[in-house]
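You will see chain A twice below: alongside chain B first, and alongside chain C after that.
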Partner chain A sequence: MIIFYTVCLVLVILSMVGLLYRVWRGPSVPDRLIALDAIGVMLISSIALLSILFDTPFFIDVILLIAIMSFIGTVSFSKFIERGEIIERGSDS
Partner chain B sequence: MKTNDVILQTTTKVVFFIIFLFSIHIFFAGHYTPGGGFVGGLLTTGAIVLLLLAFDLKTIQQILPFNFTIVTGIGLLLALGTAAGSIFFNVPFFTHAFDDFTLPLFGETSLHTAMLFDSGVYLVVVGSAITIIQSIGGDD
Partner chain C sequence: MQFKMFCAILTITSTYRLLGFYTLKNMDGRRILLEFVLLIFLPFVFAILVPFAYKYIKGIHTGWFVLLVPLVLFGYYLSFIPLTMDGGHAISEIKWIPTLGIAFTSYIDGLSLLFTLLITGIGSLVVLYSIFYMDKKKENLGSFYVYLLLFMTAMLGVVQSDNTMTLYLFWELTSISSFLLIGYWYTRDKSRFGALKSMMITVFGGLMMLGGFILLSIMGDTFSIRELIAQAPELVNHPYFTLALILILLGAFTKSAQFPFYIWLPDAMEAPTPVSAYLHSATMVKAGIYLVARFTPIFGTSSTWIWLVTGIGLLTLFWGSFFAVKQTDLKAILAFSTVSQLGLIMSLLGAGAISYHTTEAMFAFATYAAIFHLINHATFKGGLFMIAGIIDHETGTRDIRKLGGLMSIMPLSFTVALIGSLSMAGLPPFNGFLSKEMFLESMVALQHFELFQFDTWGILFPIVAWVASVFTFTYSLYFVLKTFLGQGKVDQLPKRPHEAPIGMLVAPVILASLVIIIFFIPNVLGKWVIKPAVMAVQPTLYGSPADINIHVSAWHGFDSVGLWLTVAIVIIGSLLYLTIPKWQPLYKIQPAKLSLNEGYDALMRGSEKGMNRLSRAFMTGLIRTYLLYMFAFLSVTVIAVLFIKDAFVVDMNSFAAITLYGALNAVILLLSIGFVVFAKSRLAAIIALGGVGYSVALFFVIFKAPDLALTQLVIETVSVALFLLAFKHLPALNEHGETKKNKVVNLIISLSVGVMVTLVALSSHSQKLIPSISQYYKDTVATEAGGGNIVNVILVDYRGFDTLFEIAVLAIAGIAVLGMIRLRVSRKETTDENK
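Take a look at the complex of A and B:
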């Protein structure tokens, strides 16, 4: 069963290498942004597999934390791409 | 340009409470599992940053009417007061105390004064990070 989880981890890391190629040679900025978001998901799954391999439950909080931070980062980057400012001033300006 | 981001705002109204409850959980779980005041404060900051992204700066200053520099000051005062309270019991500085209490809803609970120091760290982290983000996002 250890071999199965190790093979899964190697597959996840190989897909992360493919996403890193898309970050390196993305023609436009949204390609790079979506590749970074998918790298966050791959990081979540690799941490879950590592927490099975190390036989510890202490990495479960890290998974939720990376998911939240990846979501906030993707939302702020896409708002910067769309409008040019991340935090808007107010209604009167 | 008037843009319509109803999906982002509706998602934020649901996700904000999940992130905030997770930050409270990670703050209280800091004694026996990974976590603590610093990570809990940063997660609360992340929840408020998500509100700032979905709405604008003036709306967030209306629904959270705190001066966050004063929040930082209250956190520093709480941490220093917890550390200095040990002087009055004739023990060295920063000596913590704990005991078991029987609370009405929780039953047998071990209360520790390191929790008060940790909540000081939490308030300092939230106050300073929100002050940085609001003052950078608010200038011209």
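Take a look at the complex of A and C:
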């Protein structure tokens, strides 16, 4: 069983490397962004696999946090690409 | 109001003490005042009162009040003469910093008393003279007398202090008050220049002297000069001995205007004439002489001391007398003459120190001659300065080329000037003759001295001394005859000359009569004042002043060397005077660029320029450069220390096994770092930085630190978001105009820093000196703290203080960000309003 999880982990990390290649190459910013978002998912899976391997429940909150962060990060990046800034000022100012 | 009360009380108490209400008996059974050390501060206390007198009592010249101080002091100190005549001394002490052994100690023996009498006596005459010299309406008399009284206290302190630290304190006070007095007419450029120059040189010497004093106190473990003198035989073998000697001599030479430090004295002539007469001829410039005399019992046995003091003294004597004939300003002639006469006294003191090595009477004679000439010089030079001031006052110029033929207009001044000049030249029947003859005889005796190679070089001493005396004779004639004889160009003078008011002439006339009186009664003076002083300079040689077997007489018979040398001086000096126009062009041989004044100016300009250039060279204003210095210095020193101390150790056994995930994650981390460094756009760099942060978080997971991983993830996301927030305002990623050379340097520095940190990490991991404390936390986290999360318990329980202040850091950062944004906005608003 451990071999199975290890193989899974290696696969996940390899795909992360592949995604990093996309982040590096681009060619456009949205390409990089999508790659980063996917890296976040890969991180979640690798941490899940690691906690199985380490036999510990303590990393479950890390998984949840990455999910939230990755979402917030992607949304703010998208907004940045679309509007040029993340937090817009109120319409009255 | 309270301040005035305080001043009044101080004055009353000091007069009270002055009158002798507190008395005690010293060892000889004489009545002396308990704390006469307080008297040193009498001028100081008066200096506080002078501005009030100046402000509120308009009718009377402030000098009349001031005159009381030196007169009273002079009268009081005269009462010490019977005490010191028998070889006694008096001590009075106020403790200042007892734990450090620093005290105001007033120690009066023959030498101190001699100087004290000079200071107070000439001080009275100078104050009297200044009353007529300084105009009541035009001059700011308040500050003049404050400075002068300050100086008087300082000088009394210098000559009476037995404690080296307070001696230094008073020494610097003389430098400061002299600075203030030279710059008295502060609206003139030349006054300020002269004041600064004298300050620079004398304070340099003062600091050197402080170094010497500190070395002495290390050597002898005391600040007291008397105790140091008692230890003198042991001090000679101490390794610091020569260094202390040279440092103290530097102090003495700068203050007493010896070669090559004499250059400040001619520039100090910008001071009002009473100041020149008092400070720069009679008292302050003799502080160095006093220092040499005072420390002779300690250093006198060393050959370095004898050679330096005698050699530099003679060089100064020759140099000063040679260049005095070049001057055209009356006060400049007198300044160079002072330099030269101080050199004479100095060389005699050096020769006097030889008496520690030989029993030949001639060298004890030298010390006697030095002190005798010191008194003589104070009398005739003070008088001459006052005459120069009178001429300036009455004719409006001090330029000797414009003066002449004043003899019939100013007969009294002429008489005084003639007496002073002939005494300076060393002619009978004036006191200068006696001391000059003793000087020549001592110098002649020097060549017979057999120690320290004096027998080879000694012949030079009498020759130099004699040549210098010839020039002394020449400039003395030059000074008095060019001013008072010859063709008068009286009509072209700025003022219509006439004889000075009688009040102004009183002081110089008193001095001039002293010149003659001393000639006729040298042995009375010797018995009362000089012998006790010699006794203080050479305490080990005599049991009491009466043992000093010297009888000064004007006539030694035809076989005396001094007589024939004097005759030769008169003949050749007169010839030189008559032919001045023929040989004066000699002075033009020396190029102006090579003079010592030019050297001083170049040093000042050069050090200013050099410092500017130096600071401009490394203070570029670029943070890049400063970081370069810091990192280069850090990595070089740490690596060097690692290898010098042989501290680089790698213990392979302490390393854990490398896991697969760890290795893979490390690859990702390295790749992201590579992206950050080589990214072409800023956005890519920010994204790659996020990658770095996330893979670090992954490391925290691998190394089983869930709390760290959580925090790292959030913080990384927030900081990437912050980067993006600021992104809009950032310029495109540029190269900052970096050249290839810059890049190579940066590469080297960053590599060396990386190597340094890696080496330190490896060796610190390999050498654990003590076991970790963490076992305690593991054992007690549940039982003592009642928690399960060990990280959180450490943060808020075991070591909660750190957390508190990190919270404070975050709060400050938040407030600072708010402040910066708000400030920027409000500034923008105000500039908008201005528009």
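Operating definition for what follows: the second predicted complex is superposed on the first by the 92 of 93 C-alpha atoms of A that agree within 3 Å, B and C clash if a C-alpha of one lies under 4 Å from a C-alpha of the other, contacts with A are read in each partner's own complex, and residues count from 1 in each chain.
Please note the rule applied: a contact is a pair of C-beta atoms (placed from the backbone, for glycine too) under 8 Å apart; a residue touches a chain by one contact, two chains touch by 3 or more.
Note that this is a predicted model, so its numbers are computed, not measured.
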item	value
First (chain B), second (chain C), both or neither touched by A:Phe71	first
Touched partner set for A:Val29, first chain B, second chain C, both or neither	second
First (chain B), second (chain C), both or neither touched by A:Val41	neither
Partner chain in contact with A:Ile13 - chain B first, chain C second, else both or neither	second
Partner chain(s) touched by A:Phe80 [first = chain B, second = chain C, both, neither]	second
Contacts of A:Arg89 with chain B and chain C, given as first, second, both or neither	first
Broader residue contact with chain A after superposition on the shared chain, chain B or chain C	C
Which superposed partner A:Ile52 touches (first chain B, second chain C, both, neither)	neither
Which superposed partner A:Asp61 touches (first chain B, second chain C, both, neither)	both
Contacts on chain A seen with chain B and repeated with chain C across the two complexes	58, 61-62, 65, 69, 72, 76, 86-87
Interface residues, chain C side, partner chain A - complex	660-661, 664-665, 667-668, 671-672, 675, 683-684, 687-688, 690-691, 694, 697-698, 701-702, 704, 706, 709-710, 713-714, 717, 720-721, 724-725, 727-728
Of all residues in chain A, those that touch chain B in their complex	58, 61-62, 64-65, 68-69, 71-72, 75-76, 79, 82-83, 86-92
Chain A partner contacts - residues on chain B that touch it in the complex	3, 8, 15, 19, 22, 26, 29, 33-35, 39, 43, 46, 49-50, 52-53, 56-59, 133, 137-138
Residues of chain A that touch chain C when the two form their complex	6, 9-10, 13, 16-17, 20, 23-24, 26, 29, 32, 36, 39-40, 43, 46-47, 50, 54, 56, 58-59, 61-62, 65-66, 69, 72-73, 76-77, 80, 84-87
